[in-house]
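Here's the structure, in structure tokens; my notes come after.
Just so it is clear, A, B, C and D label the chains in written order, and each chain counts residues from 1 on its own.
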Amino acid sequence: MGFLWYLTIRIGGALATIAAGSFLIFLIMHLAPGDPALAVLGESATTETIAAYRAEHGLDEPVLVQFVIWAKMVLQGDLGKSIALAGKFPISDLLVTRLPNTIFIGLYGLVIALVISLIAGTAAALRQGKLVDTVATGVAVLGISMPDFWFSYVLILFFALSLDWFPSYGFTPPGESLIGAFHSGFLPALAIAAPMAGVFARILRASLVETARREYVTAARSYGFAAPFVFIHYVFRNAIIPFVTVLGLQVRYLLGGVVIIERVFGIAGMGSLIVDGAFARDYPVVQACALTFLAIVLSVNLIVDIVCALLDPRRTR
Amino acid sequence: MSDVTLTLRNLSTGFKMGGRVMNVVREVDLEVRKGEMLGLIGESGSGKTVTGMSILRLLPENAVTEADTLDFLGIDLLKLSTEQFREMRGTRLAMVFQDPVGAFNPAKKISWHLKQVFERAGTKSPAHAERAKNWRASAIKLLADVGIPHGANVMRQYPHQLSGGMLQRTLIALVLVFEPELIVADEPTTNLDNIVERQILRLFRDLQKRLDCAFLYVTHDMTIAAVLCDRIAVMYAGSIVEIGPTKQIFADPKHPYTQGLLASALALDTKTERLQEIPGELPSPGKLPPGCLFEPRCKFAKPECRAKEPAMVDVGGERHVRCVLYGHG
Amino acid sequence: MWEESATSAAFCMAMVEKAAQVDKNTPLLSVRELLVRFKLGDGLAAALSRGPSYLKAVDEVSFDVGRGEVLGLVGESGSGKTTIGKAILRLYEPQSGSIVVNGVDITRMGDRALKHYRRDLQMVFQDPLSSLNPRHTVRTSLRTPLLLHKICPSSEVEQRIDEALTRAGLSPVFKPRYPHELSGGQLQRVAIARALTMSPGLVVADEPVSKLDVSVRAQILNLFKDLQAKFGISIIFITHDLRVARYLCHRIGVMYFGKLVEIASVEELFTAPKHPYTKALLGTLGAEGENLDGAQVAGEAFNPAADTTGCRYYARCPMRVDHCKTAHPPTETIKPGHDIACYEWRRS
Amino acid sequence: MATLATLKGLGRELRHNRVALGGFAITSFVLVAIVIGPSFSPYDPTLMDFTAILQPPSWAHPFGTNSFGIDVLTRVLYGARNSFMISFAGVSLGAIVGTLIGMTSAYMGKLFDAVAMRLVDLLFAFPIFVLALMLMLILGFGVQNVIVAIALVYIPNFARMARNTTMVVKSEPYVQAAQVMGQPRLRIMVREILPNIAAPLFVQFTVGLAFAIIIEAGLSFIGLGVQPPTPSLGVMMADGKDYFHRGPWVLTLTGLALMFAILGLNLLGDGLRDLLDPRLRRRSAA
């Protein structure tokens, strides 16, 4: 019962945020210089055609009314049409081809980062102050200190140009070939994963060390439970709660990395789309992409909240 | 002296701090006997908790414990490997903690805690195995024993949903699964309210009588020691300064520190005009005074007190005092 | 000329007399039906959850503190005793009720106007280490109130600080020290010295010895006793320990989950307690073994998040009757100076 | 006076914390290098030399030369100076505005707090590059706008941290004592609260500076930030990627220098976090 309440409240909160966020996006785009009518109709448009276009699309209405019109369209799945980037192509069609690639690369990177950080963070915490700890924390700091786009080029230099194990450019969408996607997506995923793994490993280590000091861990030892049992059920079980929480906060950095990495490796995803849209001043595309990114972050936060609530009975009961 | 359960000789415990060891417990000699409740009294920082934790090897890794003897029913605890010692913990040596809320795994229900302990017990003997099979029924019975009549309901709860008193009872139930021969209780009622505190104290006394085990009760509260303990040992700045039967110590405290503590504790029990003070402050473990540690605050201090720390003096009637007023040992 | 000054002098005399009259007839502090509540949880979650969304930490409590009187407020943790103390000092905003100091209602007074009355009401906190700003030296901590209220010319500030420290039993050599360099007892002396620099009429002392080492407590309790006798300050002494209250206080109020259940003079409370909770508390005193076997208080405590009606003590009360479930009993005066909130007190 | 004593104490403890010391050394080295380094360089950061195009690293050109024959190391020093100043300005702006919002929010409570914190949550929900990119669309590309973008990324961080720490400190007895004394609100904020929340904010500033340099480089790298010919590390790396196959050293070595500077700041931040953590402090004092 308590959990359902919690879920309802969180979903309500996420919906409210996305509503407010979409308004913010709309407002920013509205403030951006340039007349959308002119952008669509081109330089040759006459005063009459522009006026007609503005009237038809409600561009003379107050911002709020325009926002409501746009929001209604978005709710019906119509994100408008691209004005510069892809002719008058519907943006929703663009997203359908782009979004899976971004999600694939993002999840791929996330999984790599999780695997590395779980191993490194746990090892460092278990051997606190020992060589393993020093090496792991040292590498982690290096990881968070390097720009991921630079690391991509280092990876390209070694694994693509020198060893030729992976392609240096281009990406096979998972829809075409899953194996191809894993192969061609490995370097970009690794580039995104490296700084993330550094951040995650540090958080996990700190959380484990902190939890190990709790009295319930001493209490568990006093019952004579074996060390691995205590570590798994007492230390690790409670340490992952803050770990998952902080993990959720990292999505906004993770997606920031995706934007650049996609351009480096020429992946046709959301990141390259929004950047290309920005250069082409294709506002509807940028607007739609920003909204999608917002939705992704909020969904991930929602999932993280739910996972935390399941892990930590104190949050809901 | 076959009834002695635990013998400590010359126990010292310190913590490694930047390359050197800072001792917080020094040269402690103690005996805890079967069927007795020994009170270990001291203020914060006196080393009483560390002493208790040293016996069960529950201190963090930077702790260093040394002793001439650490004997538990003929077993030399110093010689046991980590794994052998772990086998003893919980089964024969047990501990009750100060903060009942903090002593439970917050992510697990009460039933989980009980189940784990019963399952561990199940591997020890056929009788225990039988209980482990019906662990739920056994747990409810055990909870009833510690004064929780509706055990089935309590088992469904998470720790944060229960009151401190209820959790402390449950914690005691966990310890009782094995009927240990030595129980160390570290200020187990400090975080409880007066009325609940009395209930738990009574529970401890009844338990100790029923199990007939050795019981080391660590506390800062003289009045608790008075109602609960058969003998008390008073610690000051890491050393035991006085030890003896409770009644005699309360009637006639020997060490000036014990006298001061008792004077202020007992004076409050009656309407008094003015409390007797112990002047000064506790020494910090980094800067201990030379000689007797209590000398800077002692009204009987003499020049010889500063020369060296006095030895324990046997003053008869099972009483020992670390003070030159009673000779030099 | 002199006539005019004579009249103004007479006027002044009249004012002083009038003030003196107020002094004699009204108590220094008068608290009436004070209600302080806290939100349970925050935001949407709290709004949607069932059960009360507020916790009444102090629930319609009334009492007076006379001039030079020490009133003890005794109760378990969560009884609202600290909240009362802080609400009187306007650290918490009361929901309703009134706080009257020297005949002036300060319950809703704005910050600026309140500043004049602040001097008169001071506080000593439970944790001495955190009651002093860790970034300020002892000197800075003591100088601030002197300059803020222009208590003395700036040339005398140092001398005043020395006096204040000496009065609290501390050498002036501590002036340049930082809080973390002092022991708990010394810090509590600095905190007391700071409160006294403003020559307050009332000091709220919130468990001032509970975080101190046992062997240092007597020193601080005696310091309170001496300073109270010397300066005739009124004190609200908040404690969970009835014995400490008996040592220092003239009257004692017993609190249970936000309600003041009994208030009486020390002698009366200890010799003829009427409320079953007071009796239970008194039953926990004494160092002799037999009282462990005495009356055990059964049942779980009041749950402020779930129970909303009935006597707060109902679940634990040995004298409860069905009537007690309807509403918390009103306060009645059973003797001058002895108030109690219990339907069944006559039976005891 | 209080700060002086604190700084002295910090200096003493710095010597015992190897991480902080390493970070301090690297950061000092980088600062000195970008301040006085360029004037020691025999090369000009803008003068093209078509006789020395794309030379690999050598004694004459430790980082090689780029496609215009410009010494890469010289350009790195100039670029790093720009990157550093842009990041510093951005994080400072974010820290000041964020701290003001956070402290006010915590102190005022009620409606202001609710509205401000919802806005902060909203900003937190945007991926940082998306936020920066949208901003660039309104303001146009260029140095000032990178600063504003960085500030916008950091305002929510500082606002949240300042609010949370102020909430904790606000209920500390010493702040209540100041209230009881009758100190005005503003004075309490400045004298009692600010000095006690400064430490975590300072750590956040150091670590934030490190990541801001990455943000600047990233924005400039994809062409949304600093515009060439103004040297910045991101611009140089963008330039280097165009002839990465022919002269990989331009991009890799510039990035390595960037990483070195960021590493210094991160280590310094980590070390300071340990030094300033009151729990760790007390343990080492006991």
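Everything that follows uses one rule, which is that contacts are C-beta pairs under 8 Å (C-beta built on N, C-alpha and C of every residue); 3 or more make two chains touch, one makes a residue touch a chain.
Since the structure is predicted, the reported quantities are computational estimates derived from the model, not experimental observations.
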Next item on the list: Give me the fewest steps it takes to get from chain A to chain D if each step has to go to a chain it touches.
Entry: 1
Check: Looking at B-C and C-D, which one has the bigger number of contacting C-beta pairs?
Finding: B-C
Check: Just how far, in Å, is the C-alpha centre of chain C from the one of chain B?
Finding: 35
Margin query: Can you work out the whole-Å distance between the CA centroids of chain A and chain B?
Written below: 53
Next item on the list: Express in whole angstrom the distance between the two chain centres, defined as the mean CA positions of chain C and chain D.
Entry: 48
Next item on the list: Return the residues of chain C touching two or more other chains; collapse runs of consecutive numbers into ranges.
Entry: none
Item checked: Touch list for chain B against partner chain A, complex -> 53, 56, 58, 60, 86-91, 94-95, 97-99, 102-109, 116-117, 120, 158, 160-161, 171, 174
Notebook entry, point to check: Across the complex, what residues on chain D touch chain A?
Noted result: 118, 121-122, 124-130, 133-138, 140, 210, 214-215, 217-218, 221-224, 237, 241, 244-245, 248, 251-252, 255, 258-259, 262-263, 266-267, 270
Check: Okay, in this complex, where on chain C does chain D touch?
Finding: 86, 89-91, 111, 114-115, 118-119, 121-123, 125-127, 130-137, 140, 144-145, 148-149, 178, 180, 191, 194, 198
Next item on the list: Spell out the part of chain D that touches chain C in their complex, as residue ranges.
Entry: 2, 5-6, 172-174, 176-185, 192, 195-196, 282, 285
Note to self: Using the touch definition from the top, list the residues of chain B that touch chain C in their complex.
What the structure shows: 43-45, 163, 166, 193-199, 201-202, 205, 220-223, 226-228, 250, 257, 260-261, 264-266, 268-269, 271-272, 274-279, 281-282, 297
